[in-house]
Structure formats: C-alpha cells, structure tokens
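After this come two complexes, each holding chain A, first together with chain B and then together with chain C.
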Partner chain A sequence: MEMFLYLDNDTFLHRLDPRTKMLVMLATFVVALMFYSLNTLLILSAVVLIYGLVGKTLSNLKRIRFILLMIFLFSVVLWSLTYGGEPKLLGPISLEGILYGIVIGIKFDIMIIAGMIFLSSTKVEEISLGLVKIKVPYRGAFAFATAIRMVPMIVATSYTISQAQRSRGLDLDSGNLVERAKKYIPLLIPTIISVIRGTNVFAMALESKGFGYSEDRTNYLQISIKKGDLLVIFMALVVIAISVYYRFII
Partner chain B sequence: MKEIFSMWKDTKMVVLVALSAGIYAAVLIPFKGFVLIPGITEFRPASALPVVLGLLFGPAGAWGAAIGNLIGDFFGSLGIGSTFGFVGNFLFAYVPYKLWRNLGLVSKEDMEPNLKSSKQIIAYIVVSILGSAACALFIGWGLEILGMVPFAALASIITLNNSIPSIILGMPLLIVLYPRIKKWDLLWTDIIPEADVPAITAKSRTGAVVMVAFILVGLVGGLIAAVGGGQALLYSGFASTAGDALVGIIAGIGSIGVLVAGFMQ
Partner chain C sequence: MSKENMIELRNLSFQYKDQKDGKALEKVNLTISKGEFVLVMGPSGAGKSTMAKCLNGLVPHFNRGEYSGEVIVNGFVVKDTPVSTMAKEIGLVFQDFESQLFSTNTKLEIAFGPENFQVPRDEIHSRILEMFDLVDLHGMENRQPSTLSGGQKQRLAIGSILSTYPKIVCMDEPTTDLDPLGKIGIFNIANKLHAAEDVTLIIIEHETEESLNADRLILMQEGKIILDGKPSDVLREVELMADLGIMPLQIPKYFLENFGTSKTELPLMPEEGIAKFKELGASLDEQQHQSLIQMDMDREKAYGDVLIEVSGLEHIYPNGNKALAGIDFSVRDGEFVALLGHNGSGKTTMVKHFNGLLMPTAGKVMVKGQNTKETSIFEVGQHVGYVFQNPDHQIFSDTVYEEVAFSPKIRGCDQEEIDIRVKEALAAVGMSGTEEEDPFSMTKGERQRIAVASVLSARPDVIILDEPTTGLDYREQRQMMELVKKLNRNGHTIIMITHTMWVVSEYAHKVAVIKDGKMMMYGTTREVFSHDEELAKSFLKTPDIVHMSNLLGKTVLSVDELKQCTKGV
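And now, the complex of A and B:
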C-alpha cells in the first residue's frame, strides 16, 4: 500500500532545496488568495501545472482527482445555491453565483495542487530537515516526520485487526454507509491501543540510540541553497511583488 | 502553559506527540473526500480524538492533534487554511485538558479522566464543547480575515462538526482507553516531572474562567456581529462574503484572548 505522494524522480524540481519549494508553495497560496479574477486564476493554474510538469509530479493528480473534483463540484453547487447575484437562471441559482463557485473551486484546487507538487517532489526527511533549517526545533520536526511515517503503519494495523475480526464472523460489508461506519468504530479502539502500547519501548529505543544527547545534531542528509534555488526564489518573490502591485497599487 | 514547551524535553512525550499525530491523521485521511466546505473541512469522525488525546496525554495530545491535522491536510487539502487549522486543532485538545484541571468542574481528588461519575461526564461534555468552540473560533477568524469563508457559516459548522463526534464517539473511547493508559503509566501527569505539571492555583482558575469568557465572547460575539452584518449560520451563510472588519476584530480578540488565558494557567 503506497500512501505517500513522493515520486522518486531525478528532476530540477526534486533537486531544489526544500526551503525553496516551501517558498514557492507559499507564493502560490498568496497569489491564489489575492485574486478573484477567473483569468488570473487560470494563468496561475497554468504556471503551477508547468511547475509540476518540470518535476514530473502531475501523475499524482490521478491520486487526488476525487478530492479535487469533489471540492470543485461542491464549491460550484454550494455558491450557485447561496451566493445570490444576477441574472437569475433557475430558482436561487444565478450566473454570478455559478461563476463565483467556479472561481473559488479553482482557487482551492490550485492551492491543493501546489501542496501536492511539494509533497511529490520532497522526501519526508527533506521536509523535516528543511523545517530544522528554518529553526523549527529538532524534536518537533522529528515528531512530525515520525508521525508521517506512522500513518501507513497504523492503517496496516487497522487492516490486520479488521481481517482478524472478519475471520471471527464480523460482517463489515452489509448495511448502509452509516451502519457500516458504525461497525468500523469498535475497530478503532484496538488499533489505538496497539499503537499506544509501544510508547515505552519506542522511547527507550530512541534514548538507547542517543536521542536528545545533544542539541546540535549532525545529519547524514545535507541540503543547501544552490544557484537554481536562488533563481527560483527570485522568481517567486518577483511574482509575489507583481501580484501585490496589481492587487493593491493599480 | 509552560508544560507545552517543557514537555519536549521528555522523550516519552515526544513519542506520544508522534503517535497521537499519526493516529489522528490516519483516521482523518479516509474521510477527505466527504467534503463539507470545499477546501476547508470535511465529515470528520476523527474529531472524536483531540479531546481524548488532550485529556490523556495533555500537551503531547495537543501537539499531536495540531500535527496530525496538518498531516491530514497533506493528503489533499494543504493550503493557507492549514496554518489556522494547526493552531485550531491544537486548541481543540489544549482547551479541554486545561479547563478540566482549572475550571473546577471536577474535584482535585478526582482529577483523572475516568468518566466514572456523572460530574466527570458533565465536565467532559462541557470541555468538549468549549474545545470545539475554541477550534472553530480560531479557524473561523483566520479564514474570515483572509476573506476566504464567511465566519458565521464556518464557525457554526466547525463547532457542530467537532463537538458531536467528540461527545458521542469520544466518551466511550475515553472510557475504554483510560484504564489501559493509566496502567501503562502514560497519563501526561504521570510522565512529566511533578515540577512541570502546572499547579492549580487561584491564578490558573482565573485563567480558566478568562479562557471560557474569551471563547464565548469571540464565538458568540463574532456570530452576532456576522449575522448583524448580513451573514447567516451554517450553509445559509455562504450567501454572504467574508472580510467583515467588525467580525474580524471581535473574533480576533476572542482568539488572541484564548491564547493569552493559556499563559495564566
């Protein structure tokens, strides 16, 4: 089971420093949040997709297409019904409401795609080290990276428990959605217990390997800002500056 | 509030942060497609967890809820809202364990969250609702000032979406988990040094009352200002746009006040 989005390619995007990629992601969020013009958001979408294409990361769009589609559809339906505006097309639905829903749907989808590109081109260890380099305390970054690694393990544990219960006759497949969800809830408890039970051993294992011995840790993995990073950082800052100029000054 | 920083010295608490975050994220992720507000929130049975994690693991549960929510966002909804989601989910677990200790809902002799008395059950329901409200207040305020989602709609939906699972699912979860966590010596008050466990004093009790006041002022005041400004609650609220200055100020005072009140405890 592959839950992570990371794609192991050797591209310009993959070689960028994680801090640079964080800045690009942030710049995308800033620009997406500033504009409500459909044309501007479509241009931003094109730029984000080209950026993702450079890193050969767009294949992951397939994996999050359901979420992207749901967000877009919900957005259009929700704002079409509630936004008001003119001209009225059918009942409370107006053309203005539909366009606003489309704009908001694109806005959110762009931000999610920017997040996906970041995760598709950056390893968990790189994210963790990037956080340390921007002065997030090591223990916090460690907890973050460990938690990400734990997720597939926890899902696998819950799968094993559900299989064990099925073998004892638990029927998880019948009933409507709510009834089925109810049957899964009791499986949550043994999953949590089995994960938490390992806490003491986990802590001892960490300390036996020198966790917390020194505040100044060294890392096997090394990251650094190179020429390519400087170029991308410069471009991201220029895009933010132009956006601010158009949004607030003109 | 010092325990939320000092706990990082203890390896076991660091591990509990990671495990809490992992569990929360693992339950959040399968429901990412069940969208309630596009790009912002979804149907979240996982909301049963932060209050339980907060009461059992204290500051580790709070950091776990914050990091777990962020990881959950990595699987499909990472955006600017994730920063407010981080703090909001931290408060979702932090407010309950702080109020549990300091609001005087349970006696000093019966402080451990075993839910064996009706007093403890009532206390659990109260802190769950206030934790949910604090989370809704902070996220609602953040996205209102960013002009993304109207406060009245978002704050009311998040309050309900958080408090219902945390009461209905969280209570049995805590009843089952407590004896085991206690047996394994993993309650936060059993892990961190006694000197780091904040004492219950007149100041901390005042801090708890101030925290509740700011939650209520921020959320209820924000909702009244929002409705007065033309917004509406729940899904009807999407008929309006976000960015009302008065709502931003009132909800902002409430949000910042909750954090400040934390320092008094």
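And now, the complex of A and C:
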C-alpha cells in the first residue's frame, strides 16, 4: 500500500518553490471562501484542476474520491432540506436550496483538492523548509510536516489491524448506527496503541540523529524563487487582489 | 589495536519510573575500547536495550527513572550531556525500522543527521554517496523509504546513522524483524564497519550463529553481566547459555551431551563437528535413521481429509503487482506445515486466501469443500483462525477474559458457552487464571499467547500463525512452539509462516518454500532440509545440526535425533 501522498514526478509544479505553492493554495481558499456564485466557483475549479493536471497529481484524487463525493452529497441534501427559498419543488426542497447546496459542496471540495494537489507535489521536507523560510521556527515546521507524514502511516496500521480483527469475526457492515460505532473499538484501541509505540521510537530515533543539536542546521534540500515562481506568484496575487476588490470594495 | 577506552560504565544502575519489580540494570561495570566489536546477548528483560540507551543518554534524559553510577562515552559524562550532543559520538539503530525513517526519499533520510550537525552541503552530498555504497543501496537514491523492503529499510536506517560519522555504532536487535536475506545484509555492514578499525561496534542480537565474528560476547541476565569473553569461549558454555535462556549452538550442545567432550575441545561449527565426529570414530546408525523416516511416513498416512485445497492460485494486487503466480497446494487434517521464503515472496498473500481475507484473481481456494469466493470471511473464519504477527494489532480489551471472549461472543454463543470456551482456550495456551488481568501489562510472549487464545476460542480446525516466534527470546520461542505442537496434537491443523529455521526443523511436519509467487519446494521437513544447496537459492540456511548431518549423508532434524542415530564410542 502506498504510504505517502507525495507523487515523485518532475513537473513544472514539482519544481515550483513550496512558498509559491502555499500562496496558490491560499489564493484558492480566498476565492473559494469569498464567492457564492456558481460560475465563479466553476471557473476556479477548472483553474485548480488544470493546475493539478500540470503536476500530474490528479491521480491522487482517486484516493479521496469517496470523501469528496460524500461531502458534496451531504451538502446538497442538507441544504436542500434546510435552506428554504423559492421555487419549491417537493416538500421543503427548493431550487435555490439545491443550488446553494451545490455551491457549498464545490467550495469544500475545491479546497480539499487544492490541499491535495499541494501535498501531492511537495515533499514533506520542502513544506517544512518553506515554513522555515517564512519565519516559522524549525521545530514548529518539523512538527507540522511530521503530522502530515503520520496520517498515511496510521492508515496503513489501521488496515493491518482491521484485517486481524475481521479474521476474528469482526463484521463492520451489520447492525444499527450505535452497534456499528461500538464495533470500531477493536480497531481504534490497537491503532492508538501502535501509533503511540511508534511515535515513541520515532522520538528516540530523532534525538539519536542529533535533532535539536543547534538552532541552525544545514539544509541539503535547496529551494529558491525562480522565474516560473515569480510568474505564478504574480498571478496568485492578482487573483487575490481582484477577489478582495470585487468582494469588499465594489 | 589501541587500548583507548571508548566506553566506560561504572556501577551503573537504573530503574524505570514505572518499573515495579527489580531494576533494569544493576551495578553494571563495563569497559569497551576503541575499535572493538562487542556482541550483547540475553533473554528479554535482561537490560540489553536499557544499556544501549544509557550509552547515548536516552536513559536518563528520555526514559526517566532512578539512575546511579556513571557512563562515560568518549570522554563525555552521558548523564550531563544532551542526547543530541551524544548523537555526534554514538549512533543508535533500533529494531523497529518503520518508525526510524521519516523522510520523503532515501537521500534526505541520510542527510538528516549531518544537517542537524551543520555539515556543509557539499560534504553532505559526498557523504550520501558514500553511505549508499556502504549500506549497499545503489539505485535506490530517489526511492521513498516506504517502498523499500524490510532489509533495505533497516540498511537505510543504519546509513542514516553512519552519515554523521559517529565513533561508536550501537544496534539494538537490528535483524529481529528481518528475513534471512535481510539479516545477511546487516551482518555484511557490521563486518565492513569492523574492518574499519576506528569504529567501535556494539550489537545486541538473538542470532547465536553470527557471533563468531565479534571480538567479545557479553551475556546478560536480570540487569547484570553474567559472562564477558571471547565468543569462541563463551559459546562453549552450552549449559550456562541454556540456563540464561539463550539458544546454545547446536554442534557443541550435541558433542557435550553425546560424548561429554571437554569444554576446550568442543567444536562450534558443522565443519569442525564433522572433523571431531570422525576423530571420535563415531558413525550414523542406518537402522535408527530408517526408523525416523518410518515415523515420518506413518504420520503422513495418519492425516485426515483435505481441509484446504488451492488450485492455480494467482493474485494480482490493484497496483499491478503479481504476488502469486499459479500455486497448487493442499492441506490435510492434522498437518503441521511451515511456509518459508523471504519477505515479498508471496507467503503472506497466499495464507490470506485461506481465511478469505483475500480473493484469488485467478484459480480457486476451497476450504472444507466450500469455495471462498462463495462464502464470507465471517464463515470461513470459523474454520480457519489467523494469528497475526504482532499481537498488539489485535488486543484491545481491558481484561484477558474480554479479549478471548470476543470471537465466541460475536459468533452468537450464549454466556455459558462463552465461559467454557474462554476457559478452554486459556488452558490450551497455559494462561489459566489470568482472566481478570490487563493484557497490555503483560510481556510480549504472554500477549502472543493471549492472541492465540483469542483465535482458539472460535474453535477453528485450522490455525494460521504468521511469524509466531518473532521478537521473542529463546525460552519464549520454545514455550510458544511447544504450545503450537500441543494444539496440533489436539487435532488442530497448523499452517505457520516463519523465518526461524530451527523452529521449522524441530516442529514442522512439512515445509513449503515460496519464491517469487511460486512454490519452489514442498515435502516433509526431512526431505526438504536434505537439500542444502537448493534452499540456499532461496537464501535459506539449514540449522547447524541438520547441515552437519547432511554432510554425513543422512538428514536428522534435531540434536536429539542425531544423538539417537549416533553409533559407536
């Protein structure tokens, strides 16, 4: 099973500076959070997907397609039922409600997709180095990067554990909601314990490799703002500026 | 060799904060000089790992507790020095390689240590190249550590420590979780490091057979050093080793028990054994050997119906990896089969088909006459129990009773039946009376037993064990295998994945060797183990006593069997 989200390709996107990619992600969030027009969000989605396509990162979306779909469906169903509005189609469901649900669904999905593209095209070390360069303390940056790294490890462990418990007769697919929730206990407890044991060794290994020896450290990996970065940064800033202008000034 | 002291332990005692009984280390005195290669052995809980952690300061800085005495490493008083500073002097490698690696690619993993010590970037680059050479990872320069095999991961972990150029390297059971091929890789690195005279090397190991290369062998028990000497001398202390719970070498054990050979004369290796055997004028008794073969044949005839039948089994993982390439195999009632092969050979993939965890992508698997494709894992699970390698991947309850009762409860047994089954399962694993205890506070060997009991309580016909002896010390391994043997005698069919060859030779009835998704060898243990050379192609090495008997022309499987077949003197 693939543990990391990072896809090791050599594309324009991968070569961009992590700071640039963080800014692009920020720009995506700004636009997604500020606008409620379906057209604007669809254009944003198209731009983000093309951006992801450049980095050949879209294959990673397959891994979270279920989550994306569920968020979208929940949003549509929930808002259709609760939004009110006109014209009524069936019971409390209105066209406005459905549209609003779609807009909110896209908002969330596109932010998740933007985050996924960032993680798929940026090494964990680049993220922490990028954070250090924007003046986040190294320990903080490393902790953040480690948290990202931990997620796939936990998923891999829980996969083994679920196999072990299913072999003992655990059947997660039957019973009502409360019964099902209870059934996750045999999965949760061993996962938590394994992760705690693992992080303990991890902490010892870090110290044994001289982590925290001095405030300064060499960075074998080098990042720098290049021409391509400047172009992308410029575009992202323009997008943010225009968004703010339209939203707050006009 | 210079007599410069690299490591000095003076009256070192340590008790962990939450440790109730006794001390992890008790008044240990030890001196290791520059360039020495020291091997440390001892049963679980002997204090070996604690000692290793005392060397770089993880004890007492990371693991706290009551500390007295002094540790001086290359002039530094460890107690007063931060771990990150000690890291420059001594590199520590752990058993759990998964948790030691955290970088996106192998180069960055190796760069991490030197980065912390502010080594210039160009220098780091040349060290990376040097490390790939030293730990033999050519062509892996840009791989993600998670895509490497276990052996490669551990070699990378060692490389990531060596790149800081520590003067002392200490490895805490580096080979325990590795397959035979992986172990060879680690021993190769150890020998290279030893050849570089200025590196002091300390390895904590279970593998007795590789210890002859070391300069010193230290035996520990209950926080104390029991014996410290040249490996060839220490290894001749057969009885002492057995008492401590360390596996003695088989060849000296045989000569001591059979001929009463004096300590100084004991041969250690199979070739030496042959010479001694001839010198003593001994020979192998044809009749006794025939009776062993007859017993194998009788056992073969006594097996019952076919329980698991596999035909043309293929499995291709979603990522396109072909793990199994057409396997035909059957297991009859009452058999005890061992599956051998290095990691990634497909053994685990194969057995996961037997209880329905995986479905064939081609071919079919029949369990008790039922195609696994037409039934569920819940149903197959009643016939086939699966004990996973790591007991901590399945234990979740506060009490042993709850843990063992889980399976019968979920299968709808009433309270009375559950009580009976829990009692029966705990009795079978020798853990009666522990019902109210907390499984998490038990030793690994005990947790492994609870895991077996929790599978037994479903009363399966077949029990699959995935590396049941890994991470256990010799005494615990013996206890575990005696338990498995008893289960087999009581009518359970056993399928066991393992890398431990003596376990196979002494306990398994039959052996299947898997390589690259194909079955390379299959037959009775005696048959398969008579082919030393063919086994070597799958990086498998027969235990010393089997190897020696093969050289003598007749295959025996244990020291006791060889004693039975020895004639003369």
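One rule holds in what follows: the second predicted complex is superposed on the first by the 186 of 250 C-alpha atoms of A that agree within 3 Å, B and C clash if a C-alpha of one lies under 4 Å from a C-alpha of the other, contacts with A are read in each partner's own complex, and residues count from 1 in each chain.
Basically, contacts are C-beta pairs under 8 Å (C-beta built on N, C-alpha and C of every residue); 3 or more make two chains touch, one makes a residue touch a chain.
Worth saying up front: this structure is predicted, and the values here are computed from it rather than measured.
After overlaying the two complexes on the shared chain, residue contacts for A:Ile64 are found with chain B alone; chain C is out of touch.
Touch criterion not met for A:Phe248: it reaches neither chain B nor chain C.
By the touch criterion defined above, A:Glu207 reaches both chain B and chain C.
Of the two partner chains placed around the shared chain by superposition, chain C is the only one that A:Leu170 touches, whereas chain B remains out of contact.
Contact with chain B, but none with chain C, is seen for A:Val155 once the two complexes are overlaid on the shared chain.
Of the two partner chains placed by superposition, only chain B is touched by A:Arg139; chain C is not. On chain A, the surface touched by chain B in one complex and the surface touched by chain C in the other have residues 3, 146, 149, 153, 185, 188-189, 193, 197-200, 202-203, 206-207, 211-212 in common. Listing the residues of chain A that touch chain C in their complex gives 2-4, 6, 8, 123-125, 146, 149, 153, 157, 160-161, 163-171, 185-186, 188-190, 193-194, 197-214, 216-222.
Interface of chain C with chain A (complex): residues 53, 56, 58, 62, 82-85, 87-88, 91-92, 94, 96, 98-100, 102-105, 107-108, 111-121, 124-125, 128, 142, 144, 146, 157, 160-161, 164, 319, 352, 355, 357, 377-378, 381-382, 385-386, 388, 390, 392-396, 406-407, 410-411, 440, 454-455, 458. Those residues of chain A that touch chain B in the complex are listed here as 3, 5, 25, 29-30, 33, 64, 66-67, 70-72, 74-75, 78-79, 81-84, 104-105, 107-109, 111-112, 114-116, 118-119, 137, 139-140, 142-144, 146-151, 153-155, 158, 181, 185, 188-189, 191-193, 195-200, 202-203, 206-207, 211-212. Contact residues of chain B toward chain A in the complex are 8-9, 11-12, 14-19, 21-23, 25-27, 29, 32-33, 35, 37-40, 45, 63-64, 67-68, 70-71, 73-80, 146-148, 169, 173, 176-177, 180-181, 184-186, 235-239.
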